[in-house]
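One chain, chain A, appears in both complexes that follow, with chain B as partner in the first and chain C in the second.
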Partner chain A sequence: MNKTTENIIAGFSWLSTILLLGAIISITGYLCIKGYSVLDFRLIFGDTKVFDALLLRKQVFNGLFPAIAGTLVLVITSVVWAIPVGIATGIYLAEYANTAVKGIFNLLFDILAGIPSIVIGLFGFALAVFLHKHVSQAIKPCLLISSIALAFLVLPYIIRTTQVALEGLPEDIRLSALALGATKLQNIAFVLLPKSLSGIMSGVILAIGRCAEDTAVIMLTGVVATAGIPRSLLSAYEALPFHIYFVSSQYTTPEELQTGYGASIILLAICVVLFSIAFFIKRRLTYMAFYRT
Partner chain B sequence: MKLPKEAIVERAFQLSTIVSGSITFLIFSFMFYMALPLIREGKIFQILTSTWSPLDDVYGILPMIITTFAISFLSVLIAFPISIGCSSFINEIGPKQLNRYLKKIVQVMTGIPTVIYGFVGIFLLVPIVREFSGKGSGMSVITAALMLSVLISPTMILFFNDSFERVPASYLNAAEGLGASRVQKLIYVIFPNAKKGIIIGLILAFGRALGDTLIALMIAGNSTQIPGSLFDSARTLTAHIALVIAADYESLEFKSIFASGMVLYLFTAGIVIVVRHFAFGEKNTR
Partner chain C sequence: MNTGEQGNIKIKVNNLTFSYRGRQILSDISERFEEYAVTAIIGPSGVGKSTFLMTLNRLWENIPEAHMSGKVEIKFDGRFTDIYDRSFLPSNLRRLVGTVFQKPNPLPMSIFRNIAFPLKLSGVRNKSIIAFKVEEALKRAYLWEEVKDRLSQNALALSGGQQQRLCIARSLVLEPEVLLLDEPTSSLDEKAAEVIEELILHLKERITILVVSHYLDQVKRIADRVVQFSGGGIKPFAAAME
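Up next, the complex of A and B:
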């Protein structure tokens, strides 16, 4: 290989790095330049007093508060479904299942992780239609349906990180408590789980980030443009990512568009912080990160 | 002999595994159930192979299938060289001190929500494409493909990087001992040994592009024709599902979105199976 070819290859490598950095800097820079001027309490609380809004004494009409509250409630309810089931499944696959069973379920969860979020949203919608017809007229797309669909979306992350964290523990840690007479369950609860906590936590944080940013699932399962603070699990709600989408397609005034920029910066900050923490806790998360569709 | 408590907990773990595993089937059965009338009436084939013309009562999703593949393929085509260049930079070419930070930046990039790419796309990329093409709104196949390539690049880079790092250090040391330069190490040692990882990364990135909704929905224009050029407005399967939802439940139009959902499900499941086959060969477990 002659020197020129080598230089071209190295040059190409520099160029692609600069291109990628350029793209990401223009995207985030554009948001910040356009949006930083609206970043204040007015953006979130509108004309309502901060404490009145936080104590739910008064409704916020022209701020992001209902959307932020909606996203928060949505994330909490989804993760409440997904964490216990996900961790229990991860433990079963890592500690109890035999190779054949493991193989089948690994395939199933890989497929589940690869399903586009809009399809999971469509499932949630179909579920709501089904329940409406056959169970109760009161059920329509709502917070509950969204949180179940989102839980389905993030379940594979939690299962996989739990399983990988447990399987990665060295043999001597695995055996010492057993040698001292601990039962299998005691070993899992008092030795293996605490030892793999950081891996499991990174999966949970990724799942939270995923719930907060997802738009496709919720837009089919109950999110609306204006709903106020979510009152119950069966009510419609607002959410930050949907607010961004809605503003971009339906804005009527420049001020309304400005709230879109503000919401984007807030959502970006939330997701970047969550992902940084997850990557900081556990460095090898490539596989997980890949399946976010 | 097992203590009863141990057995109960094990059963609970087993139950949650079965419940989570059945979700994969549950989602497909719901799609299938909702699309069943189409299949029974034999209309499914017509829907998959005809165009979308509501005036003639034809609700085919062929244009959306074509657009989905066109946009995903294009975005991978754009993102692949950049990702290879970038991961080569991080692994060999670039200065070591810089690379640690670069890797952090790329990792954090994987966390940027797609709705934000779409939002910035509308106000930053769409006007540029409009200027460049000189016609239409600027919302087109290429606009979405460009933005999608930014979305899938970071994950592709991290994946390539992982497979580059798995090349045994002894190979690299041997090449270095023979006087190989950084670029020569890359071309003759790292790439051939990381080939499998590169292929898997490519397929996964394609799957990710296929499943993304918001970018295409916001900046591809959503017209229901088969796109004739890169600068034509078009609609992907994912965007189609997001747009039709408000229709009447008994209509053909409404049922067609479940056909779209099934197509997407089957394609992404197929991708997963291909990747697993590539990655693990005969072995079933990871």
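Up next, the complex of A and C:
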């Protein structure tokens, strides 16, 4: 490769990075400028007193609190379904599956990853209808159905990142515990998984982000404009991404649209908090696996 | 040093053939290895020396698309045992046949936990027994004096030579009867290599050692016997020296 080509590639890489950073700063900056002025307790709790709302003594009717709570419960429930199944499948593909099985499963998960979220939402809706007809009439589109559908949506990320993280471990690490008399399961549990935690957590973080932002899936599976705090997994619920969509498509005054910007900032903040928790858990698990004395 | 068979036999290999992805790497190897001796395995790169070691601890079974035929017997408790017998678990075998790799591979944990790790895997829970065995292993690997005051320090902070001795200590903590060393000094400087050589000579009093080495000078210093690998088989050492 000659010097000019090298310079062009390096220049293009720099330019792409700068453009990306610029886009991120512009979007968050725009959101902050537009939404900053409405960010207050009133936006979140409306006319209800903060403690009354937090202690669930009174319903919040004109604030984002139910949508914030709904989003948090939705994201946590979805990743609770998706993480064990995703990591276990990733382990199976990386450590147990033979080449032929691996090829078939990889293709299937790639297809799953490429399915539009509205189709996953439709699947969730069909599941709700099926359960309503054949299991219990109490089951309708609800938080549980939404979380299962979202889990399907994010499963491929967790599976693939787990598989890639495990397969990417160098041979000396892979064999070190086995050579010391570890069984295959001990090797996976005590060495391979802790060593792959960074890669696995990047999949989990991606999954959290996707669960927090997806609107198409939840629109068909249980989210509503007004539902209050979800009382159980079988209730309808409110969620921030749907609120943002609803406000931006139905607003009647500029002030109403501003609450959408405020909600966007809160949604970003929730993602940051969840990412931080995921990062903290990763550090804690790594410490417990390796560095605890 | 000699090139013939001598003393008590510890390992018997019969008609061993090994292939990886359809390519034959070892072909019909039959060999005997003496007890409490250092046998050096030499030969050019890619002739299957490391692969051969992997057939003695069944580590190759973790490599996809690898196949082996033949028989390997190791004497445990005075009796030869077919290590590929279905009733003989690979994890049990690897506690009796320790392995040290070319590149030091301590786990990213403290020095103490690195050495205690194999004990934990084999179900030892008593803390005082673990502490005693860790100290013994570090002493046998000539590392105790250098690390006794910083056992809780991360093992990755040690020098290359210290890390390799740590890996030897980690194998020794299980009190193996055979130790397989795959080019244990190739990534170390001359001084660190000398310490490892001295350690090998000391260990052979209680352990049967097979060491893969590329350095003929080193082989002359440490080996009681030499096996030359060439073209997937074994050829007499005298010919190799020429």
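Heads up, the rule we're going with is that the second predicted complex is superposed on the first by the 233 of 293 C-alpha atoms of A that agree within 3 Å, B and C clash if a C-alpha of one lies under 4 Å from a C-alpha of the other, contacts with A are read in each partner's own complex, and residues count from 1 in each chain.
Here is the rule we go by: contacts are C-beta pairs under 8 Å (C-beta built on N, C-alpha and C of every residue); 3 or more make two chains touch, one makes a residue touch a chain.
Predicted model, so just to flag it, every value in this text is computed and none were measured.
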First, second, both or neither for A:Gly35, with chain B first and chain C second: neither
Contacts of A:Gly63 with chain B and chain C, given as first, second, both or neither: neither
More chain A residues in contact [chain B versus chain C]: B
Which of chain B and chain C A:Pro230 touches, first, second, both or neither: neither
Touched partner set for A:Thr99, first chain B, second chain C, both or neither: both
Contacts of A:Leu178 with chain B and chain C, given as first, second, both or neither: second
Touching partner for A:Phe190 - first (chain B), second (chain C), both, neither: second
Contacts of A:Gly262 with chain B and chain C, given as first, second, both or neither: neither
Which superposed partner A:Ala126 touches (first chain B, second chain C, both, neither): first
Common interface residues of chain A - those touching chain B in one complex and chain C in the other: 99, 183-184, 289-293
In the complex, chain A residues that touch chain B: 1, 6, 9-10, 12-17, 19-21, 23-24, 26-27, 30-31, 34, 84-86, 88-89, 91-93, 96-97, 99-100, 102-123, 125-127, 129-130, 152, 155, 159, 183-185, 209, 213-216, 219-220, 241, 244-245, 248-249, 260, 264, 267-268, 271-272, 274-276, 279, 284, 286, 289-293
Residue ranges of chain B touching chain A (in the complex, touch as defined): 3, 5-6, 9-10, 12-14, 16-17, 19-21, 23-24, 26-27, 30-31, 33-34, 81-86, 88-90, 93-94, 102, 104-120, 122-124, 150, 153, 155, 157-159, 161-162, 181-184, 186-187, 204, 207-208, 210-214, 217-218, 238, 241-242, 245, 249, 257-258, 261, 264-265, 268-269, 271-273, 276, 284-286
Chain C contact footprint on chain A (complex, rising order): 98-99, 172-184, 186, 190-191, 195, 289-293
Chain A-touching residues of chain C, taken from the complex the two chains share: 57, 59, 62, 64-65, 90-92, 94-95, 98-99, 101, 103, 105, 107-110, 112-113, 117-118, 121-122, 152, 154, 170-171, 174
